[in-house]
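Right, one structure below, let's go through it.
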Amino acid sequence: MTIPAITQKLLAAKQIQGLSFTDLEKILGRDEVWIAALFYRQASASEDEASKLVEALGLGPDVASELTEYPLKGLGPVVPTDPLIYRFYEIMQVYGMPLKEVIQEKFGDGIMSAIDFTMDVEKETDPKGDRVKLTMSGKFLPYKKW
Amino acid sequence: MTIPAITQKLLAAKQIQGLSFTDLEKILGRDEVWIAALFYRQASASEDEASKLVEALGLGPDVASELTEYPLKGLGPVVPTDPLIYRFYEIMQVYGMPLKEVIQEKFGDGIMSAIDFTMDVEKETDPKGDRVKLTMSGKFLPYKKW
Amino acid sequence: MTIPAITQKLLAAKQIQGLSFTDLEKILGRDEVWIAALFYRQASASEDEASKLVEALGLGPDVASELTEYPLKGLGPVVPTDPLIYRFYEIMQVYGMPLKEVIQEKFGDGIMSAIDFTMDVEKETDPKGDRVKLTMSGKFLPYKKW
Amino acid sequence: MTIPAITQKLLAAKQIQGLSFTDLEKILGRDEVWIAALFYRQASASEDEASKLVEALGLGPDVASELTEYPLKGLGPVVPTDPLIYRFYEIMQVYGMPLKEVIQEKFGDGIMSAIDFTMDVEKETDPKGDRVKLTMSGKFLPYKKW
Amino acid sequence: MTIPAITQKLLAAKQIQGLSFTDLEKILGRDEVWIAALFYRQASASEDEASKLVEALGLGPDVASELTEYPLKGLGPVVPTDPLIYRFYEIMQVYGMPLKEVIQEKFGDGIMSAIDFTMDVEKETDPKGDRVKLTMSGKFLPYKKW
Amino acid sequence: MTIPAITQKLLAAKQIQGLSFTDLEKILGRDEVWIAALFYRQASASEDEASKLVEALGLGPDVASELTEYPLKGLGPVVPTDPLIYRFYEIMQVYGMPLKEVIQEKFGDGIMSAIDFTMDVEKETDPKGDRVKLTMSGKFLPYKKW
Amino acid sequence: MTIPAITQKLLAAKQIQGLSFTDLEKILGRDEVWIAALFYRQASASEDEASKLVEALGLGPDVASELTEYPLKGLGPVVPTDPLIYRFYEIMQVYGMPLKEVIQEKFGDGIMSAIDFTMDVEKETDPKGDRVKLTMSGKFLPYKKW
Amino acid sequence: MTIPAITQKLLAAKQIQGLSFTDLEKILGRDEVWIAALFYRQASASEDEASKLVEALGLGPDVASELTEYPLKGLGPVVPTDPLIYRFYEIMQVYGMPLKEVIQEKFGDGIMSAIDFTMDVEKETDPKGDRVKLTMSGKFLPYKKW
Amino acid sequence: MTIPAITQKLLAAKQIQGLSFTDLEKILGRDEVWIAALFYRQASASEDEASKLVEALGLGPDVASELTEYPLKGLGPVVPTDPLIYRFYEIMQVYGMPLKEVIQEKFGDGIMSAIDFTMDVEKETDPKGDRVKLTMSGKFLPYKKW
Amino acid sequence: MTIPAITQKLLAAKQIQGLSFTDLEKILGRDEVWIAALFYRQASASEDEASKLVEALGLGPDVASELTEYPLKGLGPVVPTDPLIYRFYEIMQVYGMPLKEVIQEKFGDGIMSAIDFTMDVEKETDPKGDRVKLTMSGKFLPYKKW
């Protein structure tokens, strides 16, 4: 996995400034997951978003400029080895076909968009151990016939 | 991808009975995604759950018996080709590292369990096109030190 | 590559009936490429489309019924070996990044949908050798920010 | 994917000069997709084409010289992870065999050339969302018998 | 590697009839390599060629009919394990880039066609050990600019 | 694919000297394909051959010395993406098994050597388009029984 | 396999100080395997643990700081080539399914956690040759139904 | 993964007889993990062991005979998808190099044998959740110098 | 790995006849390893050898006939999982480059033939444990220059 | 394949000193293959062996120190492309299963150790062409039952 050089710069600046992604959420008016995606060059910022971000992080206009470019996306590897990321891969290996059945039953032949898409992470306090709540919302795209 | 033979039998019976996964949700008292996972032999049923299911589907006790076995899980392939399933793989390729950053910031060093885990699919009506809402909830497991 | 059993049946019936995909285009009111995709179980038919097709091919209602199911899509293999299909893979290996540049310059950060999508094949007569003209049209989907 | 060093230089110069690929199309008398392919070293320029391009971009003769070399082509990876490029890969996974059927029915046993080949991108305005129109034209090459 | 069922039938019949590929060359008026390619369903015959072949082999019209179909080509595997076939793969691993240099120097930017292509095998008697002489001839296809 | 550093040096010197591989053929008394293989460190030179070559190219004795070392051979990748090289791979995917049949029929159980081996490239002028003629000659090695 | 740069620094310092992992076990109050995992950036330290470690090794606070970061885990490669590590991979290839049977028989449908997990290495003296005793202890996680 | 046919027969007989692997441990005088390995044809039995086992399971002498054959071992796949088995793969991805360090520090340059090897599974009751205790013991094999 | 059907037949007959490969060595006048290779269809027999073998094994002329065919060789898989076979793969991973150095130092630039090749297995009795002695002898083939 | 930096240094020094591996065999009292393995960091030296070697090669104590470290072994790649090394891989693809049969017949269920292992290369003069004689000797390890 090739982490872009700018990602290290952004993460280091964030640590120096003592800012969390939740703090940046307030500054940018964008969700923390999207901002983290911007850090990893998996999303592109408007000029205004990029300015606000580099200002908050104490970085220069060259970083802002790079953040507005449309990146080559996808960080790989094919099968992730990091346990946190692998679990999401496993979820798709185990629950992918069942999900397909349920989505098709509710919506018909088509897919959930990964482009017109949002994702949200919340911490659920639980006496038996806190839980990660992950909510995805993607537009349903029915197969066009022609 | 090798779909188990029992899956075809269960899906055919469900179609003949005119039952949806949502209907089965009421009959079994289990979520429709979990039931679809049971159909694909990615989950195992208790004897009581298996009995209720085969009764609803008009199938015999041999099917019930097989559903209580602990299956070999994971349907593959490494990179899914079906577009609906691939989109979830793509989401992890694109948003996997950002998710890791956000989860670690909120919880520390650890993972979201894919075993102590639930998943829910909802249809969100939207004038610009309906949306698939997918909610995952997994227990956070901190790395044990020893 | 696992060609579905129904595909052989449909192709054999089409040959016996002496029908071309262009003939089927007129009978179904759908494009020949889409119909060929239906033959290979890469698309699903409405009940009406399925009835018309099996009637034209002299096949039974069980075939029609199977054609209305939502299939698992993607025929593989990862790198195609058939020279006709490989050339399209090569086009993406060679012109994929240039295409990305041009599409992004015209549309911004996003993708061409492969779901809200049509494809058309034409024969262009040319004295230096006939040409295959392939036209794809896909909705542009801009990345949603959240 | 290893992007050649010259590509970064060309893209940066193009941005500084405020030129689009469409602008370069007029300057070079070549299609914008071909020019983007030249940027990525997937095509080679004549000396005249190379001179015009480096002049427009304010670059030196060493760049022009490199652009006339015959490059090693194909940018990989085997399965692209960038969503924009992946969609074209998916199209071949899903519609490859149907395309083969239709092309063979129209032309006989052979292939569409990826060498005697052109490709064009257009923006189709559409109230339901603009569309990417991609037109490929390749000479049909029948299998020689010997 | 999946050898087509018809290949076994053809090879067995050829053995029973005591015919070599060189014999078939005279009967069909086609080169023995092309005929062997037809046996392995890597080429398609005209109706006349198919009739002559099945007559010579004492096989029926169903075999002839199958031989006129346009096959899915490429027998795999990715890296061949059979030593005879692997050596040709090794030749490309070792001499592929040098060949590219020499062909480009003689012809310019383009490729040798594998479609408008013939191949011939001869036995060269040599006191130090007989030699296999393999001659390939493919049309040079220059890259089209557009 | 990792092109050795010395290859760039040799190719650049050859361009500066305005020498073709055919010119070098006369200077070294070796075939141009073998010389190109030496450039890519897929062959090793005698001290005499190395001296003649570096003299012709205006390079120093360190280059000559490196050219006499026995290299690690094979340039990869597993499946080549460059269209010129891929076509030779495709030829083996399509015609590998037919070739095996014909060679075995003529020679018995064994292989064509890729070591006691020569290869020659010629340009055949043809009004319908020039052709690449590639001739390989390899010693037949019968399987030893023991 | 990409060994982090910090790993080399830690291993070198440990050698210079003449400390074994068993020595470090006493200094940190953590098991030697966990400490070795920290060296390879497969675990993260508390600030206190990091301070103690860098003090013992004579390294600076920047090393301590890096050791508290949550690392990207998994060192690969997919199939290890080092014989010592491969043997553990082989054990899973050979005994994986039998282990699954025995664990499921004792515990039901679920897994052994690799997160709430400890591992211990001991040397067992044996006249026929010393033995490596490896003890793993992981929390059993039953599949949640929902 | 190809589970041998005999494995299904043995598992079914064991279920019919109501025997656990722990019960079989007493009958055979072998560890339950080894017996499960025998079920999956990853180990070979003596004639006496095979007789005892088939008698206990009510199976015939042909099964006993097959169990004494030396099997082809290793069940694959390269990266396991079943979550229970994957966790052991993950443990090697994460802790493989640290283990190597610790074993080498204690024993020198060599490996833990996977052949002169035993493995034991125990259930540890724990109020915070039961734990799987897995103990491996393998002979240390030092690298021979010659 | 696809073991040919004839292999099972030959191994079963050998067991029924109570013959070892060493016994067959005497009957055929060929080495036991070569005979085992013939069993696995990795070598082809003369008619005389095939007759002697099937007579000894009590099998019919159809088996003899099949044994004289020139087989497709190489049993795979890419990385063997069986521990006995894997060890030879490991030996090449670990000692392949050192072997290349030593062979080249003794012989020059070339290879050891795997075709003009013999292999012998012996049991060496040793008080510290018996040893497998494997002797390979292959003709050295120097690279031909041309 | 990543050749360690120290390997280049050792090979260069050996060339400068005009020493062959056979010469080093006498100096170190170790076999030339083992010494070549040490050069490639596939074996570790005692302090005494390392001192003798660096003295003979005119290198410093830092090289000696590195040679006593226990290396990460296995040079890859999965399928070697160098023809000399590939032939040994091919031998295992072709003769692996036959070898397994013969070894098991002589020794029972177990493996030949690749750790308690020696290997020797000899040149056999032969009027028909010199031969490489390669002798391996590995301790037989029977599978332990438990």
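Should a chain be cited, it is by its letter among A, B, C, D, E, F, G, H, I and J, assigned in written order, with residues numbered from 1 in that chain.
One rule holds in what follows: a contact is a pair of C-beta atoms (placed from the backbone, for glycine too) under 8 Å apart; a residue touches a chain by one contact, two chains touch by 3 or more.
For each chain, UniProt lists the protein as follows: A, B, C, D, E, F, G, H, I, J = Cyanate hydratase.
In this text, all values refer to a predicted model and were calculated from it rather than measured experimentally.
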Exercise. Would you mind naming the chains that touch chain B and likewise touch chain E?
Key: C, D
Quiz item: Through how few touching steps can chain B be joined to chain H?
Solution: 1
Self-check item: Listed chain pair D-E, C-E or C-D that repeats interface B-H [over half of contact pairs the same by residue number]
Solution: C-E
Self-check item: Chain pair, C-E or C-D, that carries the greater number of C-beta contacts
Solution: C-D
Quiz item: Using CA atom averages as chain centres, what separation in Å is found between chain A and chain H?
Solution: 41
Quiz item: Between chain E and chain G, what is the separation of their C-alpha centroids in Å?
Solution: 54
Self-check item: Computed distance of Cα centres, chain H from chain F, in Å
Solution: 50
Quiz item: Residues of chain J touching 2+ other chains?
Solution: 1, 33-34, 72-76, 78-84, 86, 90, 93-94, 100, 104, 110-111, 113-117, 119, 141
Exercise. Could you run through all the chain pairs that touch each other?
Key: A-B, A-C, A-D, A-G, A-H, B-C, B-D, B-G, B-H, C-D, C-E, C-F, D-E, D-F, E-F, E-I, E-J, F-I, F-J, G-H, G-I, G-J, H-I, H-J, I-J
Self-check item: List of chain C residues in touch with chain B within their complex
Solution: 72-76, 78, 114-115
Quiz item: Can you list the residues on chain G that touch chain I in the complex?
Solution: 79, 81, 83, 86, 90, 93-94
Quiz item: What residues of chain D sit close enough to touch chain C in their complex?
Solution: 1, 3, 11, 20-22, 32-33, 36-37, 39-40, 42, 73-76, 78-80, 82-85, 87-107, 110-114, 116-117, 119, 121, 123-124, 126, 128-141
Exercise. Please name which positions on chain B make contact with chain G in the complex.
Key: 30-31, 33-34, 43-44, 70, 72, 97, 100, 104, 108-111, 113, 115-120, 141-146
Self-check item: Residues of chain D defined as touching chain A within the complex
Solution: 1, 79-84, 86
